[in-house]
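Scrolling down, you'll hit the structures one after another.
Below are two complexes that have subunit A in common, paired first with subunit B and then with subunit C.
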Partner chain A sequence: MPDASARTGRRLWPLLALPGTVWLLVLFVAPLYVVLAVLFGGVDPILRQPVPVWNPVRWDFSQFRYVLEHIVGPDGFFGPALVRTTVYVVVASAVCLLVAYPVAYYTARFAGRYRGLLLTLLIAPFWISYMMRMLAWVNLLQNDGLVNRVISLGGLLPAAHVNWLNGQPVTVVLGLVYGYVPYMVLPLFAGLDRIPGAVQEAARDLGAGRFETFRRVTWPMSRQAVVVSLLVTTLPMLGDYYTNDMLSASPQTSMVGNLINNSVLTPGQTGQAGAFVMLVLLVSVLPMLLYVRASRTGVEVES
Partner chain B sequence: MPPAAGDPFGRRSVHAGPIGRRSLLKAMLAAGAAPALADLLAACGSSEPPAGAAGSAAPKIPSPTNPVRWPLSTKSPAIKSGLKPKPGSTLRVYNYADYLGPQVIKAFEKKYDVTVNVSTFNDEDEALTKIASGGLNLDLYFPSYDSIGKLVGADLVRPLNHDYIPNIEHVWPQFHDPWYDQGWRYTVPYTVYTTGIGWRADMIKDDIGAMSNPYDAFWDPKYAGNLAVLDDWHTLMSMVLLRNGITDINSTKKSDISLMHDQLMKMLRTTHPKVTITMYNDLPAGQYGLAQMWSGDVVNAQYYLPKGTSPDVLRYWFPEDGHGEVDNDLMVVLAQGSNPVAAHLFINYLLDPTVAAKNFGYIGYQPPQNSINPDELVADGYLPKNLKSATVLPHYFDVGYRLLQLPPSADQAWHQVWQEFKAGA
Partner chain C sequence: MTAIPSAALVPAPRRRGLGAWARNPWRKPRILLGITLLYVGWSLLPVLIAVLFSFNDGKSRTVWQGFSTRWYYGDPLRSVWHDPTLHSAVVHTLWLGLLATVITIPLGVAMALGLDRWRGRIPAGANFFVLVSFVLPEILLAVALLFVATVLQTPLHLGTVGQVIGLVTYQLSYPVVIVRSRLLTIGKHYEEAAIDLGASPMGAVRRVLLKMLLPAIFASTVLVFADVIDDFVIVRYLSGGSSTEPVSVKIYNTARAAPTPALNALATVLLVSSLLVVLLGFVAYRRFTRGERRSIDVFAGET
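And then the complex of A and B:
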């Protein structure tokens, strides 16, 4: 009897997974091909709008080369923006983790009967559009806004006023943290919630202190959730241009998302946007593949 | 007396030779397109000959010294006279945000029994992209004159039938038979504006307008982090030229382009400007005290001031002799629209002196109307006394500098500088 059900399962599950797989493939592969066709395509002579070229044999690599040639070297004006993006995203992700981990940990283990309420509150930011949340910060951070009024003690210390919205990298990084931290809490919570309490109790019984228990039991067991949550926040941050536009609008905080947005909106440069998209994709997909490989071998070793 | 369609004043232009659409396209191809593109067009089954065969005809770019009479479209001819819009039909208008008075729209809807549907765009590049996609069925568009060549070249606009637009006689004589569209074949003027410097007297202690070269303020470390410049490549880059006394703000010279490059990068490093077009909101909100601004936006800014801040703090500078950047926006009927009759009626409606005045009160951008006396804008309550300098005088259009369409290779060079500036290198 187990044989029969296993055989049904072997046929049934792939069948059930088929529509989703097709859907994902179509929604990932088809747009990617459009991006490639635009990146390696041409430009119409009058409006200088992109003319996609579908046949790979006729692809023209000049736009891609242009972008690559302007990343490093004396003409490398894209370089600083790419370095900046990396720094901002790494710092913002680290801060996100510092903020989200304790919150998720508390909710998963100690919230008791407030757990449901806490979870709801953690999801609440999703109910408000990202744009509205950023606009709220514009209001709070402007020169005569609440933040400045508080740090200058209601105007007693006018020197303490900070021009938050005029191209401050700190503002952009904090904006990214604020925007993406909810996305991090949920996968972390899910991961931490799965760790059986008995394992931690066993560690304590065997003489490990609180810190040792965390270092040798909880942290290793939550590492997968940490990586997933980092991916979930880092990838959208890499494409984000909106936070920057709202909270800074200064070229000196331009990120790769801004480069993409600017090229898309500039006639004749749309192909370059495709080049940046491909770069971001490469940079973000590679570590993911490495991670998947690493975690698979880990499983094999265990079993 | 309704003027004849095509040439409203019966004047014959001495300068303007006809220009064929095909030759325009060919010339553009020859001047700007890479060989790969010619292959591409050939591959697409285009009937155009390869770029090399186009000869030496330079693309015709209208300018005050080189007026252009655009060819009449054969694909989308002008509408017949005497038609009425279908009752209950929709007029699709494509415009900047807050650039049309809502009461004006409502009154028009009531008068002609049509529904006006306004969609908005942020800049002209975006607008052209969407119009070219063709699926939006837009009837009426508000371009500036540097995109007419593209609109006509790509056959996206419909010639006007001036029988519907008698109100055009109320427009300043400066715009009669204009150089950018001889015979008003496709366009009518909508608003006029100058590009100058706006600041708040309570946040900036110096009188910017009294400086020997006010443009220098944008490079003065004193104002670092306290200023903004326009997120519009041509407008900002040409300010660098004006600062250096170069009045050809459409320069194709290599030396001018590298000058703009160097000074823009220097500006980034010394004053960290915000690059945006929302000055009319940010300056009143106190986000910064100094900004490169369009005159219409500083007029509008007074309505965005927080409670308790007097409009007296707003200041605007534009060269008193008119030797600065002046522009006008236009209205065109798009070929793709399904309601060209209502579009014509709306154009005529907006040119009505009473309607234009009401609209001015809402958008802050001055219409070039004979009935609106530029010397009386303060007395008539359109402008506060301290913003008298935001008045656009007709003679500015005789001495001021205009942003023109650039030839493709120069356009690319300008855009590359802009790209580098925006990347914050």
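And then the complex of A and C:
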């Protein structure tokens, strides 16, 4: 009897996992192959529609080569956007970490009885639509908006007006920070909350100063949380085009997400969109693989 | 160990003053408190200002002209209630939220159970895809599914069907991750005990595990719904025209084109429904966990 149920048990788990696994295979993994087929396929000369090629042997690399050739060199009109993406995302992630770490640290260690309230306030941006949060800044940064009125002291200094919303890299980076920093605060909080306060107090008791305690105890113990929080904010930033469209709407600040968004909607350029999708995919899956490998060996060491 | 320091180790300086405060090595880090308060204000004030201006009596979104509800109901043409495009955006958003959540949760919970207990290469691979879909830039999936819808003849059509399929694919990882982390703390012995006492494996899952997972399932339901109604990238690419454009897409399309406060009102309606769902979820969650003392969790020694 236990034998029979153990056997059905063995069959039960694959059966439960099957629908979700099949769903992901058919609608997540297979569509990525469709992107490859479009990227290495042709374009209908009259309708300008993509003609996918399914057989890898017959793949046509001309669209892919076109994109590669226009990244560097004299005709490299894709290059600046890729450089910009890297710079914006690195700067925005760094600022996110600088803002999120102290906030998460304070909430985890010193918030005391306000901890619940503070956590609620930190989670609140999650429940506010990203578009609404960007709309809020569009309102504030308009030429007659609150920000300009404050920095020009209510119209006394008309020269201090800034056209925030016309291709200012600062606006885009701050928009990215504003948009993604809540996603960083929470994993950091979870990681910092797991560090026992006694460890930090022991370090202080043994003569380490605040800075020394942070450098030699808190920071090393929170490193994994930092990596996770960087992953969950930096990778989604790579595909962002809407922050840019909402807060700048200028080609002078466009990022790789804008390249994808602009070409995917233009007849005859879908292959280019596919190339950039594959590029972003490669750039974001590699750190994931490294992380999964690192955390797996970490578990083995622990056990 | 936690309470001793300030009283016992420091020779309690009776005299007040900046010097004494600076010399006290156990003083609370006020700078961190300042950063935290600034952060909370910065992250929420812009949105509150946007909400405030949705009640503006005039057309401006930057100059206050008195309180009114005209952008919600009063204006016979351009208010959220009377403008059919805004009205239908709200309805469509909530409809998508409902459909996607109803499909995602059972699929994800079953997958979490299956992947957690099934050992081998297939579940490990499926697990990797879950993780990847968790942090991958949304635009990659959206473009891939857009290609599927445009170059292939499949049931995946642009419009509500495509949007729901895309949303389910993107959100599937949430219930899987949340439920699995809960399964990790529950362990295997309950279902083994149930099977020893004569339950079938399926019965053990249904009558023991699912009951214990209820809070996690509930939390992921709320999370998925709130996330779906805030979604932008997938629903935009897979929308089949203006009739299937949800609120986020409306905001994106009109934010930079001299909109009226009706757009703020539209965003506020969505914000309020999001917060309502979360609030209801939170109250219900408290009820679940309040009953936990009498429920099966008590035996696990968890409170």
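Following the convention adopted for this analysis, the second predicted complex is superposed on the first by the 256 of 303 C-alpha atoms of A that agree within 3 Å, B and C clash if a C-alpha of one lies under 4 Å from a C-alpha of the other, contacts with A are read in each partner's own complex, and residues count from 1 in each chain.
Here is the rule we go by: a contact is a pair of C-beta atoms (placed from the backbone, for glycine too) under 8 Å apart; a residue touches a chain by one contact, two chains touch by 3 or more.
Values in this document were obtained by computation on a predicted structure and should not be read as measured data.
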| item | value |
| --- | --- |
| Touching partner for A:Asp144 - first (subunit B), second (subunit C), both, neither | both |
| Comparing the two partners subunit B and subunit C, which touches a greater set of residues in subunit A | C |
| Which of subunit B and subunit C A:Gln269 touches, first, second, both or neither | first |
| Which superposed partner A:Ser129 touches (first subunit B, second subunit C, both, neither) | second |
| First (subunit B), second (subunit C), both or neither touched by A:Ala249 | both |
| Which superposed partner A:Gly42 touches (first subunit B, second subunit C, both, neither) | first |
| Touching partner for A:Pro80 - first (subunit B), second (subunit C), both, neither | first |
| Touched partner set for A:Ser295, first subunit B, second subunit C, both or neither | neither |
| On subunit A, the residue positions that both subunit B and subunit C contact, one per complex | 49, 51, 142, 144, 165, 249 |
| Subunit A-touching residues of subunit C, taken from the complex the two chains share | 1-2, 5, 9, 25-26, 28-29, 31-33, 35-36, 39-40, 42-44, 46-47, 49-50, 53, 61-63, 107-108, 110-111, 113-115, 117-118, 122-123, 126, 128-141, 143-148, 150-152, 156, 165-166, 168-169, 172, 176, 195-196, 200-202, 205, 226, 229-230, 232-233, 237, 247-248, 251-252, 255-256, 263-264, 267-268, 270-271, 274-275, 278 |
| Parts of subunit B lying in touch with subunit A, wherever the complex brings them together | 25, 28-29, 32-34, 36-37, 39-41, 43-44, 123, 125-126, 128-129, 132, 150, 153-154, 225-226, 228, 231, 268, 272-276, 285-288, 306, 408, 411-412, 415, 418-425 |
| Parts of subunit A lying in touch with subunit B, wherever the complex brings them together | 41-43, 45-49, 51, 53, 58, 60, 62, 76-81, 84, 142-144, 163, 165-167, 248-254, 258-259, 262-263, 265-269 |
| Complex contacts: residues of subunit A adjacent to subunit C | 2, 5-6, 8-9, 12-21, 23-25, 27-32, 34-35, 37-38, 49-52, 99, 102-103, 105-107, 110, 118, 121-122, 124-140, 142, 144-146, 165, 178, 181-182, 197-198, 201, 204-205, 209-210, 231-232, 235-242, 245-246, 249, 257, 260-261, 264, 270, 273-274, 277, 280-281, 284-285, 288, 292 |
